[in-house]
Each structure stands twice: as C-alpha cells, then as structure tokens.
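So, here's a batch of structures to check.
Here chain A shows up in two complexes: once beside chain B, once beside chain C.
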Partner chain A sequence: MNNQYYISAHCSISNNLVSYNNEVVFEGAEQDIAGFLLSVYQHLGIKYPKFYKMDNLAKLGWLATEVLLKDFDKTKYQPTDIGVVLTNAGSSLDADKRYYDSVQDIASPALFVYTLPNIVIGEICIRHHFKGENAFYIFERFNADFISSYVSVLLEPGQLQACICGWVEMTATGYKAVLFLIEKEGATPFTTENINKIYSTANG
Partner chain B sequence: MDKLIADLKEQIIEQLNLQDVKPEDIGDDQPLFGDGLGLDSIDALELIVLLQQKYKVKLSNAEDGPKIFRSVRTIAEFIESNKIPNA
Partner chain C sequence: MKKVFLVADNITSPLGTTTAQNFEHLINDVTGVRQHDDKAMSDELFFASLFEKGYFQTDECWTKFEHLLIASLTEILYGVDKNISDKKTVLIISTTKGNISLLETEEPGPELDARIALHNSAKKIAQHFGFVNEPIVVSHACISGLVAMITGMRLIQSSQYDHVVVAGADVISKFVLSGFQSFQAVSPGLCKPFDADRDGINLGEGAATVILSAERPDGEVIELASGAVSNDANHISGPSRTGEELFYAINKAMDASSLKSEDIDFISAHGTATVYNDEMEAKAVTLAGLQDVPLNSLKGFYGHTLGASGLIEAIISAQSLRQNTIIPTKGFSKQGDANPVNVCSQLISKPLGNCLKIASGFGGCNAAIILTKSQQDIS
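Take a look at the complex of A and B:
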C-alpha cells in the first residue's frame, strides 16, 4: 500500500458537456439523454454499430472510456494488466424499468441483457480487449475513499498495471460519468483528495 | 413475397437498432449471422420476438432457427408457410 500511483487522465460527461483533463472537448445541445449520447458518439467519429444496441448506462460508460483513453497507449500493457472498477448509486435501474415495461407484452431480450450494471464494463472490455480484474460496486454516493484504496490494492506489484475507475450513473432524468485512468506514472497522485476534487468539480 | 421481404428488412433494422444499415444494404439471400450482416445470439432472440409480435408466427422448434434465420428470404418463406389466415 506504500506504492504511489497516478491519475494519468480523467474524463467527465454530465450537463451536456464532455471534458477530458478539465478541458471541455464537446458540448451538446440536445435536451434528451439518448440524443446527447448519440451526438457524443457522432462527434467522436467512431464506427461501432454495437453502440446503438447498448442501454444508456452502457453508452455513457463506453463513451466516457473512449474519451478517457484517447491518448492512452494500451500496447505497452498486456490485456490482463488493465482492469476496470466502476461504481454508481442506481445500478442498472434505468434499464430495469425499461425491461419491466417491455414484459407487459413480450419481454425484450435486447433490454434484458442490460439489466445488470456490470454489463457496461463488459462493453468497455470487449471494445478495448481488456482482460484484467473488474468489478462494479453500488454506493449511495461517490466514494473516493473506497476507489482509492480498492484500486491501489489491485495495482500492487504482480497485479494490474493500469486501471480505469470511477462513477457512471444513469437515471431516467440525469446522468454523470467521471472516470479516471490510474497508472504507475503520471503527474497527479492518485489520492482520495484528488479524485474527490476532480469528481466534485466535473462539468459544474 | 417481394413486399414481405422489403417489409422484413425495415422491421429488422428497426427491431435490432441497425442504425448504420439501410434496407438496400441487406441482400435478399445475404447471410444474417456470422460474416454476413453480423448479427449475434441476442439478435436471434429479437428476431423471434419480431416474428411473434409483428407477423403472429411462432418458432416452435429452436433447432429450425439457423435454417429459418439464414437470410431475409428464408424468414419470409417461413412466415408465408406458417401465417395464420386473416391474422
């Protein structure tokens, strides 16, 4: 636990803004969440048809990761060296409600597969071929203490070399993603104080 | 049959959220899975729901799935041969 790790990049998506390392990289004009997420996807210029099939939570986490990793050279690591640890308060409740509505008629298999929050991690790992440790935890609110201590343990020698971690929350009326890329080199120390500060100032 | 095939292409695009695909991009005999349109197992389940909801046709034997869902034309043939009159 005495090793020092660093926040090598961070990304936030909330309030119709996408930020990368405190710099706004996209501002959307759409009023609805789905429209905003689609506009971010189109802005990034990526062709990934599976995106359209994801629920809003998976789209949010997937897009935040795309921005987070835009300068990341993953070839310096093995797939098993890179982990993902995400948290939120509402689990997959947005997809759960949509699925519940669909079962009034014929249940939708495509909705059902997103009725677990860790599916967003699966979408990220499929996209980037990550095979390291991953986990999704539910907290009432952003828990910087937990993230800093848990991810630090995962980064101890002989385990992960890099970890994507943070908060990805999607409700019917709101959303917020704040993700951090943690590595063994960088400028900003990976501390509870620093990730709390970044989270609390993310996009206003 | 041609009208059913054209209708099916639009329904498949809508049901499976294939937003980058246009009806004319899907060949009548093009494989829907694997190297063809690239659909996956969840898409197969959605196609079963589509047949049931839109065309009132049920797939009673799952082992027939690969043959029925090979292409848009084979799905259309299955609907034609299994539809309930005046349904």
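Take a look at the complex of A and C:
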C-alpha cells in the first residue's frame, strides 16, 4: 500500500446536527429520531418518494450520503468505479425489532427487507447509481484501522476510483453517521489518524 | 499478487459435521430438507433443512448461533498446524441474522440487545479459541459468506495477515421464516433450482469454516484465486433485470485470475429456486459466455443457509475440484426456456481445474469467486 488516497469530503449526522467538512449545515429542533430525519430531508429540498419507505438506518445513511456528495461530480467515474463500505455495531437491530413486532399481527415484507444492514448500501447505490464493491461490517466501535487499510486495498490500481466509507448506527434512542468520500486526489490524506480525528470530533 | 490457499475446511450441517461426511451425502443424493410441523415457527407446514431439536440449543453460556460457529471452528482447528494466537491471524465471522431468534424467546432490554450484538458473539468466540486480533463480522445479506472470503483473501494479499479463519453460520427461526413467507418466496415443497416450474426457496441451518493462508501446503492445493463484489443499483428486494452487474463481478474475478470462459470447468450458482434469482443468474452466466459450462445449485440439499451458504457451497466446490466430481442440482428436472444454462442434473466425473462460485442477495449485491486447483509448485 504505497499509494496515497485522500478524504475529499466528510459528513456527520448526530445530536440533531448535520455537518459537512466540519461546518454545521443544519441544526434540527429537539424531537424524536424519525422527526429529525424528516426535517433533514425537507431541509435538503430533494424529491425522492422512496425516502418515506426506508427504515431509520437507511434514512440516516441516505441523508448523510446526500450531504457528503453535494459537490461530488460522479460523472468523472464509471458506476462500477465507485464503492460503498459501511460499518456499525448494532447491525439492523432497530428495524429487526420493528419487523418482529409486526409478525405478531401480519408479517410485513416492507419491514422485513430492512432487517439487513446492507440495505442502506443498496439505497445509496440506487440513488447515486453506484455499482462497485460494497460491504457491510460490524465492529464494537468505529474501527479506523480496518476502514483505512481495507478501503485502501479497494482503491489500488485497477480497482475502485472512489469509495464512500464510514459508520452508520441507529438504535431506538440514538444515531450517528460519519461518512467519508475517499478519492485519489485531495488535500487531507486518508489515514487512520485523520478519520479517527474526524469521527471523534463529529458534532461534539 | 500473493497467492491465497484454502488449507482446511469444515461444514457442520444437518447432513454431517465434517466436509467429507457432507460430500458423501451429496454424492448419494441425500438431502437435509424435509417437511416440518412446528407451530413455534409457522402456522403452516414448511420444508427446510434444520438441525434436530436440542442438537444446538441456546444456554446460559452460548446462543444457538454461537454453538454452531464453535462446533465448526472446533472441528477445523483441532489438529491444524496454525498458530491461532499469532498476531498475523484474524477471525472473520459471516452471518445474515446471527442471534436474532433470541427476540422471540428472551425478555427485551439492554441485556438482550448486548447478547444479540454480533460483535459480542465474535469477541467471545475469538477469546474462546485464543485469537488475539479483534474479529471482523460481515453481515451482507445472502452474499455474506463470499464477501467474508473475499475480505480474507484481500487481507492476505495486502500482507495485513498471513492466515484468516473465515466462519459463517445462520439459524432458522420464526423471524426469518415469516419474512421469506411474507415475500411469498418459500416453496410449498422441495425447492427446484433452475427448473421451469421452480416456485421458491427452502431455508436451511448450517455453519462452515475455511482457513485461508499465504503459506502453500504440500501437494495438490485449492487456491482462492480471485473475487469481486458488485451492486445492481436497481432494487432492494428484486434482482437486476439484466444480470449485467453479476456479470461484471464474474468478469472481474475471471480477469483477475487470468481465466477465459473455456477455462471454467463448472459453476456453483446461488440458485435459490425463486423465479427471479435463477433467471438473473442465468442471464449473467450467459453474458459471461458460460452458458454451456456445467452449473449446479446445492439449495436442494441444504436449503438456503443465508450467511453460511457462500461458505458451504465454496467448500463443496473445493471438494468437487479435489474429487473431480460435480454434484448434481437436486430438485431440477425441466429446463426453463429463457436463457438456458447447462444445469447439472447427474453426477459428472471428469478432471476439474477451475470453479466459479457466485451469489446474489437483497440490497442488490452480487459476488463471484474463482477456486483453482493446482499441483505442487515446482518453481
């Protein structure tokens, strides 16, 4: 791994705040998680009816990616040149519980499909037409070491040109998304230290 | 590029607790799938491949999912000359739903959430066997097993680790069964992969483990030559209409191992026996120019074992390469019309060198790996 890659943008959503490259771009009023996510969606002013069908984890990852990619010109790359690698600790447990509650009554396929953590990746890929490498990993906490080393392997010559990676966690009472756009040119080197620093200082 | 070898493997399924036992049953056309009447799982009768009740049970120490992983890991690690506590060894766990059946039986609360958490299971198991590095958990729907193997391969190729132990398991309970039933995706009988009259999946339980290593064992070896993952970017619960994205992964894997279509001796398909999955795979295989290559699906023997399926099917494929025997597709009898592929319906014995293993899943994900048999390295 002699090649150097760069963090060309990053986005955080937590504690009712949305940040893009360390700047707060939206602050929600105190409310429940679903209400906050909806207010971010409305703030972005995008019409995407599928958003309403998503579970909270998918909404969170989808919104964070919208903000992350606001200045990204994807036409520079082929769809298969762009990958998505996400991680969290709780998998899809929030959606799992909601689905299982529905089973007592009548099992809902619309809820069941979100009982997989990689569905958030699917939603991001559909929205942005990304077709490259994708993977969802579970760690106890944000594993900067794994993300920086593994995503660097994916960006080696002949592989991806760009990769969205990071952490997206949703529980019944809390949420946190910290996503990075990694490319082959930029100012901030893609290192364990740099992504750790961004993660740990995200929105307080 | 550094080579990656399969140095040991295990399948723990209703068909047996070693790879050899499992392979023997497949040769003899024995399936683990049968009809079950279990009101705790389903009001209706259903077909699935399940462990006998009480064989692996959640107790105070381990969940059923953890017991399955431990059984598979114990069999493989016993007598294998690999230093697990080496800093250059890591454990990867593959699962789709892990401990989720606990939602059905245990009291809700933070303690249950912690017990379900996959990183806790992985950590406990890693400690139990003496792994020193933090384990990696892959949860990527039905391609989890192949993503775990591909991840392990890349970690070795990039010299981050010398040995990677990849273990996968899934348990079938009301949670998963009701979900597939809600999609009208479960067959009322034995599943019929690639058949013109296929009508849905059977689910299955199982665990499997492979040890990947940078160290070449003596004699004839199976190499994990390459692998690739792609996304359809089309629909979260339906496969691509064209198969182009699975084809992309197949093509990428074949390119990376410098193989042409005529070099592939057989294909181990995902073959879930749903109308759309099998059709999409047939399209992708055709796009790759592999429509005449013998292809099988093992779902008629194991059902769909979710996060274990990629591993179980890769291990059977490796055993096929060693034994020069392709396992037939149980449940297949009548060729569908659109995109005919060469579905293997009888045992085939012939010299085998290269296998393509593919899988696809919810979220629009696709994966392909190449397994290659090679003789003693004379260089």
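Following the convention adopted for this analysis, the second predicted complex is superposed on the first by the 203 of 204 C-alpha atoms of A that agree within 3 Å, B and C clash if a C-alpha of one lies under 4 Å from a C-alpha of the other, contacts with A are read in each partner's own complex, and residues count from 1 in each chain.
In this section, contacts are C-beta pairs under 8 Å (C-beta built on N, C-alpha and C of every residue); 3 or more make two chains touch, one makes a residue touch a chain.
What you see is a predicted model, and the numbers here were worked out from it, not measured in a lab.
Undergrad: Looking at the overlay, what does A:105 touch: chain B (first), chain C (second), both, or neither?
TA: first
Undergrad: With the two structures laid over each other on chain A, which partner does A:113 touch: chain B (first), chain C (second), both, or neither?
TA: both
Undergrad: Does chain B (first) or chain C (second) touch A:94, or do both, or does neither?
TA: neither
Undergrad: Output check: A:169 vs chain B and chain C. Expected answer is one of first, second, both, neither. What do you get?
TA: Neither partner.
Undergrad: Once the shared chain is lined up, is A:47 touching chain B (first), chain C (second), both, or neither of them?
TA: first
Undergrad: Which chain, chain B or chain C, is in touch with more residues of chain A?
TA: When the residues of chain A touched by each partner are counted, C comes out ahead.
Undergrad: Given the touch rule stated above, what does A:55 touch, chain B (first), chain C (second), both, or neither?
TA: In the superposition, A:55 touches no partner, neither chain B nor chain C.
Undergrad: Both chain B and chain C touch chain A; at which residues?
TA: After superposing on chain A, chain A residues 106, 108-109, 113 contact both chain B and chain C.
Undergrad: Could you list, by residue number, the parts of chain A that touch chain B in their complex?
TA: 47, 49, 52-53, 105-106, 108-110, 113
Undergrad: Okay, in this complex, where on chain C does chain A touch?
TA: 96-98, 100, 103-104, 108, 113, 116-120, 122-123, 134, 136-141, 147, 151, 154-155, 157-158, 160, 174-175, 178-179, 181-183, 228-237, 245, 248, 361-365
Undergrad: Which residues of chain A touch chain C in the complex?
TA: On the chain A side, the touching residues are 1, 79-80, 84, 89-91, 93, 96-97, 99-100, 103, 106-109, 112-113, 115-119, 121-123, 125-126, 128-140, 143, 146, 149-150, 153-154.
Undergrad: Taking the touch rule as given, give the residues of chain B at its contact with chain A in the complex, in rising order.
TA: Residues 16-21, 38, 42-43, 45-46, 49, 52-53 of chain B touch chain A in their complex.
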